[in-house]
C-alpha cells in the first residue's frame, strides 16, 4: 500500500539493507560477468596469438651459407662477350656447388657430393645470377657471398627437425648434419634477419618463399574493397535510415541487406565468377575483381552497423538542425553522420577484418593461385595474404609450417595497422551526450 | 586485350609440381612466371574446356586422366586439340603416428575396415568391424579410425579405384552380386564414424594423426615424405611406401598425374612450348630432379622419353 | 591515354568549374549574399557537376565500347585467309595482334599481316583516345556553358545538387538488390539443372545427405542421398552454439567496456577484441581441430560421454569466439550513444549501475544491439573453414553438440572445389544448397524484421 | 473548405496538384488580409490519435502571437506545423491549409528547407548541438551563407548571444561544448541560434521556461525588439508573460482553438468560459 | 573546516577513512540542529572551472527550501551534490561536507544507491525512459521492492500519476511510450516517477518550467501535501512560486550562496542588495 509518508523506515530497515546487499551482489556479479567475458575473449586471443607467435617467430630469422664464390669466367661467359643473354643463361648453380665443395674437399663420391650440395637452395643460382647481371665486373673475381641454405637444414638448425631422432625418421642424414655442424663451426653459416620473407614473392622452396606479392596484392585488393564498400555502404545506410520512405521497397532492400550478410562468402565468389569474369570479361585473379567481390561481401556489415549507429543519434539533434533551416542532407552530413561515425567505423573495421582474412570467394575468381610476380596494378594477377597463408598451410614442406605462422603474424600486423587508422578516427568522433 | 602470361588451373595434387616448374621457368627470365591455380581437377577441366582465347586457361592439372565426356565437352566449346603430359606418380599412403606400431595391411583388410558393406560369413552385411582386430586377429586391438579425403576429391576417387575396388574383387560373394549392386558395395565407404572425411587440408590430417595415436590418415606420399619424423606409412600387401617401391609399382596404391595442354594456345600465348620443355626436362621431372624433391615419383626413364617427345610434338590426346 | 590521366583532367576541370560557379554566384548576388537561394558553394558544386558528370558518363560508355569497336575494325581488315577462319581462331589471332601491339613477347614468328594488323590496331586505338579526349572536353565545356548561364540568385543550386546526391544514395542502396539478383542468377540455372536430377521435395525434406553414393554416374539418383535436412540442422546447431558463446561474451564485454571500464581500458580493449574478427579463419580452423576438439573430447570422455573427435561443439565455440567482436564492438558503440540523461534518470531513483544498464540502457540500445547480433548470426551461418576443419563433412542428423555435423556452407565449398565433372548431381547440388540457404535466410530475415519492428523504441 | 492531407515523411510530396492550385487561389484572398501566416482547418494526427481538431488562426505580420493553454492541448503540435517540423515525425499526419505570405507551405513547390530558414524555431526542450558554443550559433549562418568572412561570423555570433543575454556568461568559453551549459544557458543558446539566421517568423516554444527573471526580461526585451521586423509566435504558460509581450493571444484546449483575439481583450474580457477559467486561475 | 575532496567518477571511493571519521564527528554536532541535510563549504569544479565556491546551507526537515538565483549560478549543480548525482559527470569534483541525518553522504560507508533512494530527484530537462508510461513509474518501486504484487504496483502507479496531476491525461494510454508525451506531460511523468519511490528528501529542479498554471497548481499542491512528511528542495525561477511553496529560500549568485533565510524574510526584507535586486526585478 502506498503511503503518504517517506519510506525512510523502509530504506533504513534491515530488510532494505538485506535487499541492497543482494542488489549489490547482483551488481558485483554483473560486473564480474563483464570482466569474465572480456577476460575469456582476451584469453582466447592470447592463446591464439601465443600459439601463432610461438610457431612463427623463428621464420623471421634464417640461416644463410657464407661462401667464397669464384665467379668463374669459364662457366659464366667463356667467350668473354659479356652478352647479357649469355650471362643470364649461365649455370650459376655450379658456381655455388664448386664453392661449397671447396669447403669439403674430402667429399668425393658422386652421391655424397650430391647430398652435400643439396644444402644449397635452388634460389642460390638465381641470386648469384642477379648479382652478376647487376654488376658484370664480378666475373673473374672471388667474393664472399651469402646464399640461402636449403630449408631442411635451416629447420635442423632451428630445432624444428629433431636431430636426435633415428636417421631414417628425418629428411636429413647424420652425415649431412655433421657437414652443417662443421659449417657452423667454421662460421660459414650465418643467422640473420629473413629479408627474403618480405622481398620475395611466393616460392615452392620454403627458404625463398616471401610475402611481397601477397602484401601488395592485399593492399591493392583492400584499396578496391574499401574504396567501394565505405562510400557505398555509408550512402546506403544513410539513405535507408534517413531518407527512404518506409514502404515495401525499402523493406525489401533492408531484408535483402540483412540476407546478404548471411550469404556464404564462397557464393560471392560464384557471383564474381558469373558476373565479373564471365559476363564483363574482367581479368582472372585480379585485385579489381577480388576487391569488388570482397566489397560486396563487406557491404552488408557496413550498412547494418551504419544503420544501427544512425538510429542511435537522438532525434532532437535532427530537429535542432532542421529548425535553423538545414536541409535533410545537411542535417545528415553536418550532425548525424559525425555522431554516428564511431559506429560506422566499427562496421568498417569489422568488415575490413573479414575481407582481409577471407579466402573462399577468391577461390572462385582465381586468386588462390601460385603467383610469384608482384602485381603492378589492379588488373595484374595477384594473390592476397590469407591466400598465401592458406596455400602455405597446405604445403607439405616442413619449412612452410613456421612460415605459415609468420605470414599470419604479418597479416595481423597489417590488419592492426589498418585498424589503427580507423580506431584513431573513431576515437576522434566519440562523445557521449 | 592481350595476355603474355601462361595460366594453369586444376588439381590441387599436381599443383605443387606444376608451380615448382612455373617458378623455375619464371626465374629463367625470358617469360613471366605462369600463374598456377588450384581449383581441383574437375573444376580445372571445366574451365580449361570452356573455350579458347585469353580468358581461358592454357593448361590444366589433373590427378586423373581426362574423361571422354570431358574431352567431348572441350570439343563442343571449340577446344579441339588437347595434348597430354603425364607428369609422374603419386603414391597414396595410409599413415599413422610413429609412436605406435608400424602397421601392415592387405588391401583386402583395408576394404573390410572401410567399406560400408562387407562380407561376413559369406553374407554381405553392413560393416560390423569396430576394431582392427575384428578383421584379423593379427591386427592391433585399436578402434578403426581413418581420416580421409571427401568424396569430392581426386584422391578419394583414386583411393576407391585402387583400394576399394581391388579389395572388393577378392570376395567371390560380392562378385556374385548383380553388376550395379556390386559397384555399390565396392565403392561405398562406411559412414558410421570409423571413416572421417577430413577435408582437403592434408597438413591438418597430419597433425590430427600426431595428436591421435590410434587414427590413420589417407593422403599423398609427399606429406608422408615431409613428416617422416612423426608419421609412418603402413605397409600395403607387405610393401612400405617409399620412392622406389612406388616408382617400381611394387607399392600398389599409386596413380599417375597429368597436365593437359590446349594446343590452340601454343604459339599464341608466349612461352607454352618452353614451359613444357622445362617440365619435361630431366632436371625437373627426371630422377633426382627438383620435382622429386617435392615428392613426385618420377616415371621410368623410357616412359619419360616417350612423354617428352609426345608433348613437345603436341600430339593430341585421343580416347 | 591512361585512365588515370583522363580522370585527373576531369577532376581538374570540375574543380575549375566549382571555382567558377562559386565566384559567379557571388558576383550575381551583387554583394548581398542572402539574396541567393543557395550559398555560393552549392553553385560551385552545381557547375562542377555539370562539368564532370556528363563527361564521366561519356567516358564510361566509351570505355565500355571502344575495345570491341576497334577489335571489330581490325578484324574486318585482316587478310581474307585469316577472316575465313573460325571465330575461335580469329580470337586467337586477335590475342596475337594485341600482344604485338603492346610489345608483349609473342612466340609466333611475326607474320607481316599480323604486324600490319597490330599497327592498324595501335593506330585506331590512338584515334579513339584522341576522339574521346575531344568529346570529353566538349561535353565538359558544354556542361560548363549550360551551368554557367543558369547561375543567378534564384537558382536552386542546393536542391539540384542534393537531388543528384540523393540519386547517388539511392543507387548505392540498390547495389544490394543488384547483388542479390546477381547471386540468384548465378545460382539459379545450375540449381534448376540440379532439381531436374533430384526432386526438390526429396532435397528439402530428405533426412540423409550422402553425396558419396553418387560417386559413380550410374548411382547418381540413388534415393535419399541428397536430403538437405541434416545440413540445415547442422548449420543451425553450430550457429546456435556460436551465438551461445558470442552473445553473452560479446554483450557483457560491450557493457563492461562502455559502462564500467575507464576510457583508457575501453580504448585499448575494444580494438584488441576486434583483432579476433580479423584472424584468418584457417587459424581458427587449426585451433578448433587441434586444440579445442581434443579438449572437448577428453573432457567429455572423462565425464563418461561419448564425444566424436570432430564435434559440433568445438567448431561452434571457436566460431563463437571469432564473432565476439561483431557483438561487442557494435553493441559498445550503440550503448555508448545512449544519452546520459537516461542514466541520470535511473540513478536518481536509486538504481544501481547494473539495474540501470539492464532496464534502461539496454532497452534503449536494443535496436542497434539486435543489428549487431543479426550480423553475428549471419556470419556464423556463412562461415565455412572452421567447420570444414573441425566438424568435418559427415552430415549426421543430430542435435547433439557432441556429434560431428556438417553445414550447408561446408558442403557448398567442398563440392565446388572438388574434383568432379560439373554435370553430376553431386556438384550441382552445391548450387541447390546455395539457393535454398539463400531462401531460408531470407525468410528468417523477414521474420526478424517483423519482430524487430515490433520492439523498436525511439528515445531522446 | 479546401483541406488536403500531408503525411509526416518528408520525402513524400503531398497534396495533388489540383489541390495545390485551389489552395493558392484560396490564399490569394487571404493574402489581402495582411497576415504573415494563416492556418485553416489544421488537423494533426499522431497515428490514430488526433492532437489538433481543426485550427483556424491568423498570424499577423510584425506582431507577437501568444499561444496559451493547458499542457498537452496541442500548442507545440500547432507550432511545429507552422514550419513543417511535423514532417520529421513518422506517425504525424497534417491536414488543412497553412500559408506563409499567401503561399501554401505544404505545397509541392515549397521547399521545406527554405521554409524553415524563413520560419525559425526554438524548441521546448533545449537541444544544443554537441558542438562548441560558437559553432552552435554559427551553424545556421554558415549553411545559409550569411557571413562572408570570419570577422562577420564572429560578429553574428557575438550579436546573437548578446541578444539572448548569454554573451557575458559564455564569452570566455565559446570553444567549450554547448552541452556543458546549465539548463537556462542552453535555452538561451537555442534562442541565440534561432535568431542568428534572422528568419522572418520566429516560433518559440516556451523560450523562458528555464530562465530566471533577469534572463526572462532579456528575452522579452529581445522579443519586443524583434517585433519591429519579425513576426513572432510564442507558446507560454506564463499569463503575465503572454500579456506583457504579445499583441494577440490564442487559447488552446484539448486540441481545439477556443478563442483568439487581441491580448488585452482576451485577458480582460474572455468570451469563452474555458478561457476565463484558465486565465483567472489563481496561479501563474 | 573539515572539508574533503570527492571526485566525479562513481567507482572511485573518496576521502580517507580518517577524514570520514572526523566528518562524522563534526556532523554529530550538526545533527542536533534538527536539519535533514546540511552542507558545509561545498565547492564544485567542472574540470578547472569552479561552479560552486563554498556553499553552507542547512536544509531543515519537513520544510520546503527554495533555491533561487540567476541562470548558471550553480543551483542545479548544488542540487546534484545533495544526492551525489555529480558522481556521474566525469569531470565534476566535489569538495566540502554534506550530511543527511547527520551522516556524511560522501562517506565511504554511505551507499549512493541507498542515498538516492532516500534523496530523490526530478531533473531540469524531463528525461522519461524509453519505456511505457506505466513502466516509467513502476521502475523505481520495482527495483526497491516496494510493491509485493501486481495490484499494489498498479496502485502505486495510479497514485503517483494522480499526485502529479497526469492521471486523467494518460490513464487510457499507460502502455504507450513515455517519450510520446507533450513537454509538460513528460515533466509531470518525471515528478510522478520520483514520488513513486517515496524518498525522504525530494530534489526538484524547476519542476514546473514546462507546466501550465493548472498543472503548476497541481504540483504546488502536491508539494504542500508532501511537506508534511517529506523534506523538499526546489529550484525555481518563479519568485511567486518560491514565495508560495517554500518556507526557506536561498539565493545563489555566481557560484556563491549570498543569502538564506525564512522565505518571508528573504522576500520582504532581503539583507543583501544582490538579492534585493534579483527579487524585486520587474519580472517573474
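Note that the chains take the letters A, B, C, D and E in the order they are written out, and that residue 1 is the start of every chain.
In this text, a contact is a pair of C-beta atoms (placed from the backbone, for glycine too) under 8 Å apart; a residue touches a chain by one contact, two chains touch by 3 or more.
Please read all numbers here as calculations on a predicted model, not as lab measurements.
Identify the chains in contact with subunit A as well as subunit C, in label order.
Common neighbours, subunit A/subunit C: B, D, E.
Hey, which chain ends up farthest from subunit C, C-alpha centres compared?
Farthest from subunit C by mean C-alpha position: E.
By the contact definition above, name the pair with the higher C-beta contact count: C-D or A-B.
Here the pair linked by more C-beta pairs in contact is A-B.
In terms of Cα-based centroids, which chain occupies the most central position?
Taking the mean of all protein C-alpha atoms as reference, the closest chain is C.
Could you state the distance in Å from the CA-based centre of subunit B to that of subunit E?
82
Counting in whole Å, what is the centre-to-centre distance of subunit A and subunit B, each centre being its mean C-alpha position?
31
Determine the centre-to-centre distance between subunit A and subunit D, using the mean Cα coordinates as centres, and give it in whole Å.
58
I need the residues of subunit E touching at least two other chains; which ones are they?
Within subunit E, the residues that touch at least two other chains are 113-114, 117-118, 125, 143-144, 197, 199.
Subunit A: which residues touch two or more other chains?
23-24, 243-244, 315-316, 327, 339, 363, 393, 433
Would you give the residues of subunit C that are in contact with at least 2 other chains, written as numbers and ranges?
158, 260, 286, 339-340, 352-353, 355, 416-417, 458-460, in rising order.
Of all possible chain pairs, which ones touch?
A-B, A-C, A-D, A-E, B-C, C-D, C-E, D-E
With touch defined as at the start, can you tell me which subunit A residues reach subunit E in the complex?
1-8, 10-12, 16, 19-20, 23-24
What does subunit C use to touch subunit B in their complex?
Residue positions touching the partner: 67, 86, 88-89, 91-92, 95-99, 101-102, 104-108, 210-213, 215-216, 218-219, 222, 285-286, 289-290, 294, 308-310, 388-389, 392-394, 404, 414-423, 426-427.
Using the touch definition up top, name the residues of subunit A that touch subunit B in the complex.
Residues of subunit A touching subunit B: 88-89, 114, 118, 122, 126, 161-162, 165, 168-171, 203-205, 277, 281, 283-285, 363, 366, 368-373, 381, 391, 393-398, 401.
Considering the complex alone, what residue numbers of subunit A touch subunit C?
23-24, 26-27, 30-31, 33-38, 40-42, 44-45, 47-48, 51-52, 231-233, 235-236, 238-240, 243-244, 251-268, 270-271, 273-275, 296, 299-301, 303-305, 307-309, 311-316, 327, 329, 339, 342-343, 346-347, 349-350, 352-354, 356-360, 363-364, 386, 389-390, 393, 408, 411-412, 415-416, 419-420, 423, 427, 430, 432-433
Quick one: which bits of subunit C touch subunit E in the complex? Just the residue numbers, please.
For subunit C paired with subunit E, touching residues are 260, 262, 339-353, 355, 359-360, 363-364, 457-460.
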